[in-house]
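Chain naming follows the written order as A, B, C and D, and within any one chain the residues start at number 1.
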Amino acid sequence: MKSVVFLIQCPDRKGLVASISTFFYQRGFNMLNCQQYTDTLKNQYFMRVKLDLESLGSSRKALEEAFGNFAKEYQLNWSVHYSDNIQRMGILVTKASHCLYDLLLRWKEGELKCEIPVIISNHPVLETVADQFKIPFHCLPVTTDTKQRQEEEVARLLKLYHIDLIVLARYMQILSKEFVEAHEGQIINIHHAFLPAFQGANPYQRAYERGVKMIGATAHYATAELDEGPIIEQDVERVSHEDSPEELSRIGRDIERIVLARAVKAHLEHRIILSGRRTVVFAGGL
Amino acid sequence: MKSVVFLIQCPDRKGLVASISTFFYQRGFNMLNCQQYTDTLKNQYFMRVKLDLESLGSSRKALEEAFGNFAKEYQLNWSVHYSDNIQRMGILVTKASHCLYDLLLRWKEGELKCEIPVIISNHPVLETVADQFKIPFHCLPVTTDTKQRQEEEVARLLKLYHIDLIVLARYMQILSKEFVEAHEGQIINIHHAFLPAFQGANPYQRAYERGVKMIGATAHYATAELDEGPIIEQDVERVSHEDSPEELSRIGRDIERIVLARAVKAHLEHRIILSGRRTVVFAGGL
Amino acid sequence: MKSVVFLIQCPDRKGLVASISTFFYQRGFNMLNCQQYTDTLKNQYFMRVKLDLESLGSSRKALEEAFGNFAKEYQLNWSVHYSDNIQRMGILVTKASHCLYDLLLRWKEGELKCEIPVIISNHPVLETVADQFKIPFHCLPVTTDTKQRQEEEVARLLKLYHIDLIVLARYMQILSKEFVEAHEGQIINIHHAFLPAFQGANPYQRAYERGVKMIGATAHYATAELDEGPIIEQDVERVSHEDSPEELSRIGRDIERIVLARAVKAHLEHRIILSGRRTVVFAGGL
Amino acid sequence: MKSVVFLIQCPDRKGLVASISTFFYQRGFNMLNCQQYTDTLKNQYFMRVKLDLESLGSSRKALEEAFGNFAKEYQLNWSVHYSDNIQRMGILVTKASHCLYDLLLRWKEGELKCEIPVIISNHPVLETVADQFKIPFHCLPVTTDTKQRQEEEVARLLKLYHIDLIVLARYMQILSKEFVEAHEGQIINIHHAFLPAFQGANPYQRAYERGVKMIGATAHYATAELDEGPIIEQDVERVSHEDSPEELSRIGRDIERIVLARAVKAHLEHRIILSGRRTVVFAGGL
């Protein structure tokens, strides 16, 4: 079934639900789902509406024009997403295979509705994984001297392949401020710690030294500040004094996999609205 | 801030959100929160609307009459709940104090917005707890012979104290079909197992013997079939082969406490709609 | 580092730790790890000792003979497992790929220390997965008429490939009493529910109908009674009224994957001792 | 049943288990439980032995002397704890009642085996709670000027009541370096965040602003560095964008309660050995 999702954000005021739902009702839409959230501290209203596209009585352009006019009146920030417009996800990796494999399998099983036209790495080791799934693999090694040029080449490839969503699946390179800002809200990173604990390098080793009793992982949108971007999803697992740093790293791989997959799924299903440093993530399966 | 909650259930159809939200908008209401769910398998629509009562421009009776007429047209099943109409919770216990104490503390800390005018037990041991919180305690012992009379006396007391919600906080008596059906949707029971596993007696002992690796608890509405009522909330905790039945029972107490408290809170906040054997439980804090 | 694990089970009595540890100490062994458990209800003692094999001062045969004599005196049930004796795991599947892929990836990443010489299925669809990892794939379709013959062929293949551990990774066939008993303690099955809840077919559909608030998965040794074997590992995930049976099934796949992997890992690392219907599972990473 | 626990820590070497267990075996002890851990990174060995005190064939003094001589030979750090030597726990609070109530109830239900001879607060509000359980309550208000004198009075009271374990159950005062170091390993604090995230003040507010998807609590031994002491126990709960700082605080109370209770229980049962910044916490129920 084809559907269309509207994501809406605006200052809260009386009658928003009534006005917006009436807009769609008058155009004959069958509303499949409607999720809302009011941030009473900032007086902001957030809405995700999913409509049956079969009931669209006009061209998409006409719908967008009409809603655009309506939105101006109500000061809505909005975006529209058609289910038949399949998003294109590019995956950046280094050496660790677990997140890459996990994304590829979920994609193959139909759990992640997207295309994966390219995998880019600064290291050759995961080429065989890309081959297993018949996806073009570009190896762009990087040194301190070539950092900028390599990143430009990454950007060029992402453009060439028409990538909508960039997933850093344990890509062990820090991206430049320019790169990150040019792709705002389009880069999802997985950090192998329960942020804001253990930002930066070697989180499992530091978790071991601090003697924590649970370890975690965090998926977030990349911003210019390292590991400071809006959090999309987190999870943890219990550990004990018996677990060595290597064991923490092994346990952590399962958390990273699942947390990254949930975040990517939420993004692809247009269930996330950014609100400053916070994310509104509407429940899934809807 | 005073508020009013409408709980609505009806066959799904186009325009429901628009019509209902417009009804309230036209009457000048500020909608504080609106939660929805469509059961696509049964084509049923569920809605919880919370409105600012300060914006009520008529009498409550007039509002209800107007909504009643509107509801007839749309075949809505509905109920209305005013925040200043404090519910009265009666607690039934036997000997175990942990759930009783937990409810009393949450009530005292303001987490459970209700009155607790009476505690009834078939055993005298928890009278001192009731005394600590200055709540009338009625001890109604029961034998096979007096079962029916005792239950009638329980019912009489619940009526006398104008009880809206009956909580079985580890009340170790099976209630009659008549009693349960007379209080449909008004009795919450805590079962010390992860239903439908280990229905009936001695769940911790049976969990031990079966060698499960997690134990749980389940809060549900009581129905005539024992431990078969609609589930409101469940949770579990990891255990190991080292945990004896007594240890399982101790670990279980913490799960029982939290699961029962969450269920009672959801009920008191009018976040639950019954749908056959299932419950729709809207998210809290809203 | 090469190591050897002794698994020991016997009636509890004074001096067991002293006697057993002295046995190994006198033979110059460096004890890497020692885990114990006393079942006080059944008066049974369980021990897992891991020794540095480099410190073995005799032949393995001589060690086993000496320990055998010692064991007779103390009535020990015991088994010995050398780390350089790599176990051979055969995987049985039907159509679902998620558990199969998960096992293969963990094996490839070195998390599961074993060989996987064969994959057997009653359906051809997962042949391509086996091919990706260059593992022989045998398709043995089955009908009511051919059930017995097919199972004999499965048994023949498992023998041919010298399989030590049989993993039913969502193999949708019920094995005969004869087959199961011939491989006691060597077959691990993953059931897609939190046993003993929802034994048998269609657990996710039944979980939906019962309206549970968490779903789970259970890895257990197969026995003649379906879904009644000793539980090795379980886990759960929170769900809500919004999750359709399909959504439960999708969420469940992640639980199945992780629960099965943990159980297989525990088995391969010789951390499990069977005790009637219960399992003693010693902590991992050791 | 009376028992005695030995906690042992020493450099790892061959034959430790054999030597120690033989020491007890030769003295006729029935070993109820024996838990071990080898920190291979630091080459340290940790052991907890629980013995049936009924089988003690000498005076306690003689046992300790004999073990002391044995320990010197093997360079063991050790301590001995008799089950009939009931520990005395002093609780320090400010205004929040949830952790205090929780400790008192678990104590009353027999879950925490200790005496609670005194509750000290810098604020009068919880006196009624102390009264409910008939425990002496000392109110010692504090200002910037009186900070040192107040702390000295706290120390005097703890000494007067022969306190073994000091529990900071949401005591909102920073203790001086002197005080903390004078009670090393005897002060357990509950911090309302998943350390090392959100050290210091207002963790729930900061968790809200950072937009985390889970919140937690941490029980740790107090050290001179605020919120930097060895962690004993942690747990978390899932939250969402819908949860306001107040809601996080409410959800967090349940985590704080349980985490603190588990840590206090582990301490009272002599299951914790300090190892630098880390804790070895042996499993419970044994």
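Everything below uses one rule, namely that contacts are C-beta pairs under 8 Å (C-beta built on N, C-alpha and C of every residue); 3 or more make two chains touch, one makes a residue touch a chain.
Keep in mind that this is a model prediction, so the values were computed, not measured.
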item	value
Furthest chain, CA centroid comparison against chain B	C
Winner on C-beta contact pairs when A-C is weighed against C-D	C-D
Distance from the mean Cα position of chain D to that of chain A, given in whole angstrom	41
Distance between the centres, which are taken as Cα means, of chain D and chain C, whole angstrom	37
Where chain C touches two or more other chains, by residue	240, 242, 244
For the chain A and chain B complex, residues of the former touching the latter	14-19, 21-22, 24-25, 28-36, 38, 238
Residue numbers on chain D that touch chain B, as the complex places them	97-98, 101, 105, 108-109, 111, 132, 240, 242-244, 247, 250, 254, 258, 283-286
Chain D residues touching chain A - in the complex, by the definition given at the top	37, 39-41, 194-198, 209-214, 216, 230-236, 240-242, 244, 275, 277-281
